[in-house]
Each structure stands twice: as structure tokens, then as C-alpha cells.
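Below: a set of structures, written as C-alpha cells.
Okay, so chain A shows up in both of these, paired with chain B first and chain C after.
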Partner chain A sequence: MIQVMNGFDWRRWRLVLTGGTIIGIILICAIFAPWIAPYSPYDLDVVAMLQPPSAAHPLGTDELGRDILSRIIHAARISMQVAFIAASVGLVFGTLIGVVAAYFGGIVDLVLMRLMELLFSFPAILLAVVLMASLGTSILNAMIAIGIVFIPGFSRLARAATVVVLREQYVESARAIGMGHGRIVFREILPNILAPLLVEAAVAFSYAILLESALSFLGLGAQPPEPSWGNMLNTGRGFMAQAPWLSIVPGAAIFLSVLGFNLIGDGLRDLLDPHMKE
Partner chain B sequence: MSRDKIVLDGLSKVFQQRRFFRASDGLVAVSDVSLSVPSGQTLGIVGESGSGKSTLLRMILGLIRPTSGTILIDGQDVARMPRHDEKDFRRKVQPIFQNPASSFNPRQTIGAILRAPLEVHGIGDRHSRRDRVVALLEQVGLPADYAKRHPHQLSGGQKQRVAIARAVILKPSIVLADEPTSALDVSVQAQILDLFRRTREEMGLTSIFVSHNLAVIRQVSDTVAVMRLGRVVEAGRVDDIFSNPQNEYTRALIDAVPDHAAVINRPERIATT
Partner chain C sequence: MVRLITTRLGAFLLTLFAASVVLFLTINVLPGSAAKSALGMEATPQAIARFEAQRGLDRPLAVQYGQWLFKTLQGDFGVSFQNSVPVGPELMRRVPVTLQLASFAFVIANLVAIPLGMLAAARHGRRADKATTFTATLFGAVPNFWLATLLILVLSLNLRWLPSGGFTPFSVDPVQNLKQILMPALSLGIVSSALLIRIMRASMIETLSSEYIRTAHAKGATEAVVIRRHAFRNSLIPYLNVAAVEFGFLFGSAVVIEDIFRLPGVGSLVLVGIINRDYPVLLAAALTITLFVLVVNLIVDLTVGLLDPRRVKGSRA
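What follows is the complex of A and B.
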């Protein structure tokens, strides 16, 4: 999709590379968690409760004596899973709805987009909480709920981009050749609206992590003792004065991953912007 | 005299400008147009912007439905064509569009763009398609390795060459050209017109050529129709219309052509790049 350039231009890629490095490290932690983590995330150690960072526990221990570094590394799994699945749900269904609405227009467009506006009118976190309440509390439902929150945004973006592409003569040419709807959508439209959607997906990743953390914080996401950055933050809240590292560490993890995805999103936006091409 | 390949009878198109819950008065783009093109000939349609030229072409292409009237191509009604005839119709009638910048999918290579019609109609296999694309590129005066390029790597004139190649790859009998040279430099225009004429003669095409440029129309057409505000104000053989225009508007159009336009009327061929 992206034009291959002669000579690698570091300056153009620096945002994507920085963000990619951060996310890459987090991904590696998530995938290889059992091998990287020094301890089990579940092992209690009553002798070593609420210990500050030390040689044995680089990021300290929590109120049950569990190693925070190990828990943070394991929690990356859930956060990354949520980010990818939720953003994918939003991307796939949002794009589908947006493209269909723009392509067929008329009453289809009217009905689909009013439905999207209905979803849009709820605050994201409220919608996610309502969906969780009706779907039941589990991490998979959290992913789906967050994904549904993303659908209206993606659908609007996809619809707007499709409307622009439909005015291009190559779509008319495709019709004149006798191309069917499916081929027109997949060959002519999708490749040409992908750039803004990918940028939005990167932003959705970071937002998914925040939403999952918020849901876990409210007790609706990952269930203890399973670690997630959100529920670790929630636990840390009670020990803010005695053991601030309990809150600072998951907070920093959320901050870094959100930063990483946002850098990728910003970088992609600049890279894929046709006006920025040489 | 061969029988008429394209017959338009009382063709009209009214665009309804839909508002929420109410329909406003329509915009009449084409009004009661009756024209015919004998097989192997070229009809030039000339008129100012908004005169309904492009709308007319898109109706003949079957891209939009006429509000009233009929379009007969080889005796078949385009608007009331059964679905299974549509593929045959698509193979028979092909367009060349005006704007070289937007008539190709920017994400595809020229090769993929030219192969698409063959793929859609299931003609040949991978090998024969590639050969056909190369042969066609050659026919329109482009090197074979252009198949690997993307549209933005081509000049406007080169893109119109590709547009002509795409239009004829299905071996159609009718080509409808919507201002194929209006976005080009005058010198490139001459080359593309030359290619258009040559292709038309070699393939025995029937064509309609839309332009706002009288000199261009005069050069490529056998007959000409002058359109204004959706109506045909005058139609006839090119020589008759140009030497002895009957209609006030046609006369005004012809008088408005500056003398130096004759430059692109030069029949000699210019070496292609």
C-alpha cells in the first residue's frame, strides 16, 4: 500500500519508529510474559508485603506480597489483547457500515448513520459500562463492548472517505467495465480509504487500553487475581500514601502504551498524507 | 449506408434534488435529445459546461438511468436491458474519461488497471492477459515496462494513452470519449487525438466524442451535434455545420474560435514520446 521510497528517511519515520519501539517492547512482554517475568504474578509472599523497589523486587511488591514487575508484565497481555481485538472490532464493523452507507446511499445511508449517531450520543465510558452490564462481566465482553464503542467513529470516517472516492472517475470506470459491487468495494474503494482508518485504529488502540483500564478499575474488566493495569491501579489507590509505587507503576505502563500508540497514529497520519509526499 | 449503431430517441434526464421529506423541482440536465450514429462513424457533441454532454454520455454508458426516452445500441434498449445481457453490453461499450488524474485507481499499477476488464469478464488466463496488456501498451505507444508503474508516475498524455488502452482492451465496438483531451497541453492533445483516430480506424469503432473544443470536434467527427442547456440546437455533417451553421448559438461558438486553433488541425503526425 505505502509507496516504497528510495533511501530511508529517518526524519519522516521517527514518530512511527519511537512509538513502534515502545509498543514492540510491550508486545514482547505480553507474548513472552511467563519467561520474562521473574516471579509468578499470583504467588503470595506474606513476609514481603508492600515492599518498596529493591534488588529482589525491582518495582516493589503489592499488598499481598506479589511481585509488581511480574504482574505488570502479565497484565500487558490483557491490555494488548483488548487493544487489538477492540480496535479490530471497531475497524471491521465500522468500515463495513460506513462503506455500505456511502456506497448504497439513500435510505440505507440514512438508517445506518442515524443508528451510528445514536451510539455516538452516549459517553464512551457509559456506553461501555452499559454494554458490560448487559453482556456480563468478563474480559472478552470488555473487548467486545469497547469495540462497539469504536464502531460509530470508524463508520463515520469510512463513510466520509468513501463518499470522496465514489466521486473519482476510476469508480465510474470500474462500473463501465462491468465490475460487481464486491469487486468495486474491495479493489477500488477500500485501498483508497485505508490510510485514515489505520490512523484512527492506532488512536483506538490507545483509547482501548484506557477504557479497559477504566472498566477494570470499576471492577468490570479483568477479574482479580488476574492482573490488569486497570485493576492494579484500582488496588494501588488504597495504598497511595504508604506504597505509591502500587499506583505509579501501572499508571506509567498505561501512559507508555497510550503514548506509543498515539505516536504511531500521528506518525502514520503524516506518512500517509498525500500532501506530505515529496 | 450501414444501419445506425446508436440511436437516441427523446432522451431526457431530470435530476431530483432530494431534500429531507420533500422533493424540490428537478434540474433538467438533458432534454428530449434524439440523435443517431451510423456504424463506424463518430459523432461529436459540442457545447459549453453544463450543457448536458457528460450526462448524455453517462446515460448511454448505462451508468445513470434516463428519466424518459430510449437508447438503442444495436437495436437493444440499454435502460431495459435484462441483467444477463449487461455483461455483453459492458464488453461492447467502453468509456474514456476526461480527467487523467482521477480516472485510475492510484493504488494499482497500470498493468493491474489494464488487466481488470479481462479479469472481470473472465477472458484468458494470467499469461495471455499479461501478453494482451503488453501488446496494448505497445499499440498506444508506451513501453511494456510501464505496466509496473503507478498512475502518478505517468504524465497526463501518457495516462490518456492508458485510458485509450483500457477502453479498447475488451475489443468493444463503441467507445464513448468524454473530453479526453481537455486536460492536456495543446501539443499532447494532438498526439492523443491522433492515437484516438488511429485506434478508431484500426478497430472499426463507432464513437461519440464529447468536447467543448470545436477544433477538436472538427478533427475527429463525421457528424456533430451542438448542445446547449440540455438540448440539441443543431446537428448534421461536420462540414455542413462548420461551413454553414444555421443556429445562432452554433454561429457564435464557431466565431469564438480563435484563428490559431487551426494549429492543432494540422493533419501531420507528431512523433510520439
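What follows is the complex of A and C.
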């Protein structure tokens, strides 16, 4: 097959590669935003208000004459930061709780997992909205709130994976030779439960982008004039008849980044467990 | 069966109680004084102290929670800090709106997911399967609030087929009600169908590879009969479990969608409560949405328990 070149099966990796390309482009925009963006995302231009896409402004301008392309590029920074930090908060705390619950079992397991089930019973967006109201509206708080929303999912997954690993001989051997709890967890358990957690992290990235956009859309996340795809979309709603690009472009950016992370997640899942595809 | 119902009901009540504690604690540490929000930024310290004393906000949190729980159990959700109107009747007016929205969205999600999932499974590995999986991937990446905006742009502003927002009760004008609820329900339902298509497909593929399906084929049953009478029913149990979670998700998403379409539901009441720092309103609205989710989960738990012969056997043992 042409697709299998030098032992590399492109077909098996195509989802990861497609998603990776999309996310790679967005990441480059996020990292190099000040150099890539043609204009400042904050500069007002009263003579260029609500201009449709043109050579000077490829994605048009907003109600204050700001360049949409520049704001979209800068907003990628916020989305990627939120996604990375929120998913990391969920991954670290969720894994810790899941591993501790499975490792110690008994009452520790019961209490921790009931608590996680309780958090799981709240719809994610409701929990995020209530937490944002409680923490206050800022992008840092959005990261924390979204991270908290992710903890139950990661903890369930980490617990399930740890229960399986605990039955393995190498863990029993580690216990038999008197290895401490910390070393068993960090050296024997964590490396062996990492794969499913990383797949979940890819999904968490996409969901974090969605949640952050939803929070900013509702006015609870990034605050203007800070550009965020969510608050840009919200602003665009007020000008849908005159300037539809204000609503279309930020939404398309959210859609593409979520799609990219979902493709990576799906691809990794298929690669790690081909039966899942069935 | 009695044991199954008692266990599930007990777990439901415990979770509801714990959820109320979590929401109460989270909401009562809201920054920004509720008194200032209700009385204005110019309110004197004396007026603020009087406001807080009148509403019991100066008491310890445990006492406040106990009083709130006692009243709530009697159906009294307190009085809005903002306009001194009882929260209960306002909530009751809004519950049907959110229930209608979530139910319509759920029906749309299933109408999309079940046939597409079945089609993909029946044509496993072929073009129809790939097209369906791709569609599900696209649906899953669309933010529902963007889809809502696009629908308004196309169906409302350009084609002028549907109103861009508002709500008329079904009892007042059924046609207008359906017109107003269609776009919000589509925005939620299409996005929700993404996961359900995948679950239906996966569940159906697994069922179709079972021994009894091969036996049915061997007995001469047609593909349509096998799928409709055998595979579909058995694929429903795992599907229902996920669908219940999605139904809960729809209630949560109502917070955003009701805001976009100016629907006076419980979801938009959550935002009203947050913006006004109106604790009783926010708490009542957030708890009602959580209650919806828990009730749906309870119903599905019981239904799945009753449908699955292994579970029924297990609960009797």
C-alpha cells in the first residue's frame, strides 16, 4: 500500500494528523500572535467600523473598527491557555483523587468517589456558571472553574485504570519488597495509567474551549476589551443583520479548535485501543 | 424490584440533599454584596446591615442552610432580593418552558441519532458508515450557541421563516409556540445527537455481532427484521444510559440557549440570579436544573433496571 511508507501507516494516524495540523496552526497563532496579527486587537478605528471582509481587513472589522482577524488570532491565546490550564487542573487533581481512592480503597474510596459522583451530577455548564459566579468573572477563574468541572471525569478514569494496575504482579512485587506508597504510586502506577488519561485530556481540551467560550459568551469569562472567541461572538449577536461576519468568524474559530482536539482524541483512542473503533 | 426502586430512590434523595449543600455553599460565597446589588452602590452601612439582618444573611452558614432547607421542603423558595417577589411562583412559571425546550431538543437528538446510528451500524465499514461518523464528528464540534446564532441568521433574519426569540405558551398559541421553540431545540438537539449517533452505532454493531443475531439470520430472518426486532431493542440499554446523561446536559445547556432566544425558562433565571447577586433566585434555579437531571437519571436507572433481565435477577438474589 502507498499509505504504508517506511513502516508508517498514514491511514491509522490520519485523524491525529488532521487534528494535529488544525491545532498546530491555532497554536502557532496563539504563540506568535503579536507578530502574526496585522493590527493590534485593541486599536479602534472609527472610520472603519463594521466593514465587511476586504484586502485591508480579511475578516472585516467590528463595531469599534477593530480588525477581526487580529482579534481572532489574539483570542486563540486565551482559548489555548484556558484549555491547557483547565485540562491540567482536571488531570492533576482528578488523577490524584482517582489513584488515592483506588490505592487505599475502603472508606477513602467510598468518600472520594461519592463526592466525585456528586460533582458529576451537575450539568457541566451549570457547575461552571455557578462556580464563576462564586469565584468572580475573570479568565483565571474561568480556568479554575472549568478545571474543577473536569476533576470527576479524570478521577473516575484514573480510579478504574488504577484498579486494573493494582492487580498486576509488578505492583505486588513492589509492595513485597517494601516500597513506600509514594514510590509505588509514582513509579509503578502512574506511568501505567497515563495513556487513557492523555486521551481524556485531548477531549478535555476541546471541552474546555467550548466551556470557556460559553462563559465568555455569557459575559462570565474573558472581559472586554480582552478578545475571546466567546465574547466576540456575543458582541456579534447585536450586529447580525448589518455584519454577519462578526457572528460567523469567532464561532468558526471555536468549531475548528474543538474539531481539531476531538480528532486528536478520537485518533489516539483508535491507536491505543483499536477495538474502541468498532 | 422493590429493592431496586428503594435503593435507587434512596441514592437519589441523598444526592439531591448533597447537591443542595454544595450549591448553597458555593452560591453563598458569591463576591459582591447582595445588599449593595439590591439597594444600590450608595447604600449606607446601616441600610446594608438592616437588609442582611432582615434576610438572615448575618447568621452562620449552617443556620442559613437549615432555615433554607426547612422552607424549601415546604415549597417556599424564599423572596427575591432584587424585587421582593416570591421565587417559587416565578420558578413554577419558568419550569414548563425549560421542560419543553429540553424535551423537544431530546426528541430531535434521538430522531437524528437513532436512524443514523442504525444506518451506520447496518452499513458498518462502508461509505454510509463513514459519512455518518464524519457527520457525528462535525456535530460534536459545533458550539450550540454558535449553531443558535447561525440559525437565527439564516432562518430568522434572511429567510424570515421563524421568530428570532420570545416565548408564547402552547396553551395561548400552539403554532407560535412551536415556531419559537424550534430553533432553540434544534440548536441543542443537533449538537447532542453527535454522541448519541456514536453510541447507537457502537451498541448496534456489538449487538449485530452477537450469537443470537447470527442464529436469527440462520433461521432465515431478513436484515430488516433482525435489526428492528432483535438488534434495536438490545442496543437500547447502553444507548438509554448515555441518552439520560445527554438529557441532563440539555437542561444545563438551557442556561445559554434560553439567553440567546430570550426564553423565560429556569436556565435564564440562573443568569438573572448571577447578574443581580440574587441568592434565592440563583439557588432555586440552579437546584431545579440539578433536580431535573437527577430525576431523569433516576427514571433511566429504574427503566434500565427493569428492562435488563440480568439486573432484575441480580436485585432479587
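Everything that follows uses one rule, which is that the second predicted complex is superposed on the first by the 267 of 278 C-alpha atoms of A that agree within 3 Å, B and C clash if a C-alpha of one lies under 4 Å from a C-alpha of the other, contacts with A are read in each partner's own complex, and residues count from 1 in each chain.
Here is the rule we go by: a contact is a pair of C-beta atoms (placed from the backbone, for glycine too) under 8 Å apart; a residue touches a chain by one contact, two chains touch by 3 or more.
These numbers were taken from a predicted model, which means no experiment stands behind them.
With chain A as the common reference for superposition, the partners chain B and chain C occupy compatible, non-clashing space.
With both structures placed on the common chain, the touch criterion links A:Glu188 to chain B but leaves chain C unconnected. Touch criterion met: A:Gly251 reaches chain C, while chain B stays clear of it.
A simple residue count on chain A separates chain B from chain C, and the partner touching more is C. Seen from the C-alpha centre of chain A, the directions to the centres of chain B and chain C diverge by 100°, a value given as a multiple of 10 for the model superposed on chain A. In the superposition on chain A, contact of A:Ala174 is made with chain B only, not with chain C. Nowhere in the superposition do the C-alpha atoms of chain B and chain C come closer than 12 Å. With the contact threshold set out at the top, not one residue of chain A is in contact with chain B in one structure and with chain C in the other. Every residue of chain A that touches chain B in the complex is listed here, in rising order: 1, 3, 168-170, 172-180, 183, 187-188, 191-192. Interface of chain A with chain C (complex): residues 117-119, 121-126, 129-136, 206, 210, 213-214, 217-218, 220, 233, 236-237, 240-241, 244, 247-248, 251-252, 254-256, 258-259, 262-263, 266, 278. The part of chain C that touches chain A in the complex is made up of residues 15, 18-19, 22-23, 26-27, 29-31, 137-138, 140-143, 145-146, 149-150, 152-153, 157, 202, 205-206, 248-249, 251-253, 255-256, 259-260, 270-271, 274, 282, 286, 289-290, 293-294, 297. Across the interface of their complex, chain A is touched by residues 58, 61, 63, 86-87, 90-91, 93-95, 97-99, 102-108, 116-117, 120-121, 150, 166, 170 of chain B.
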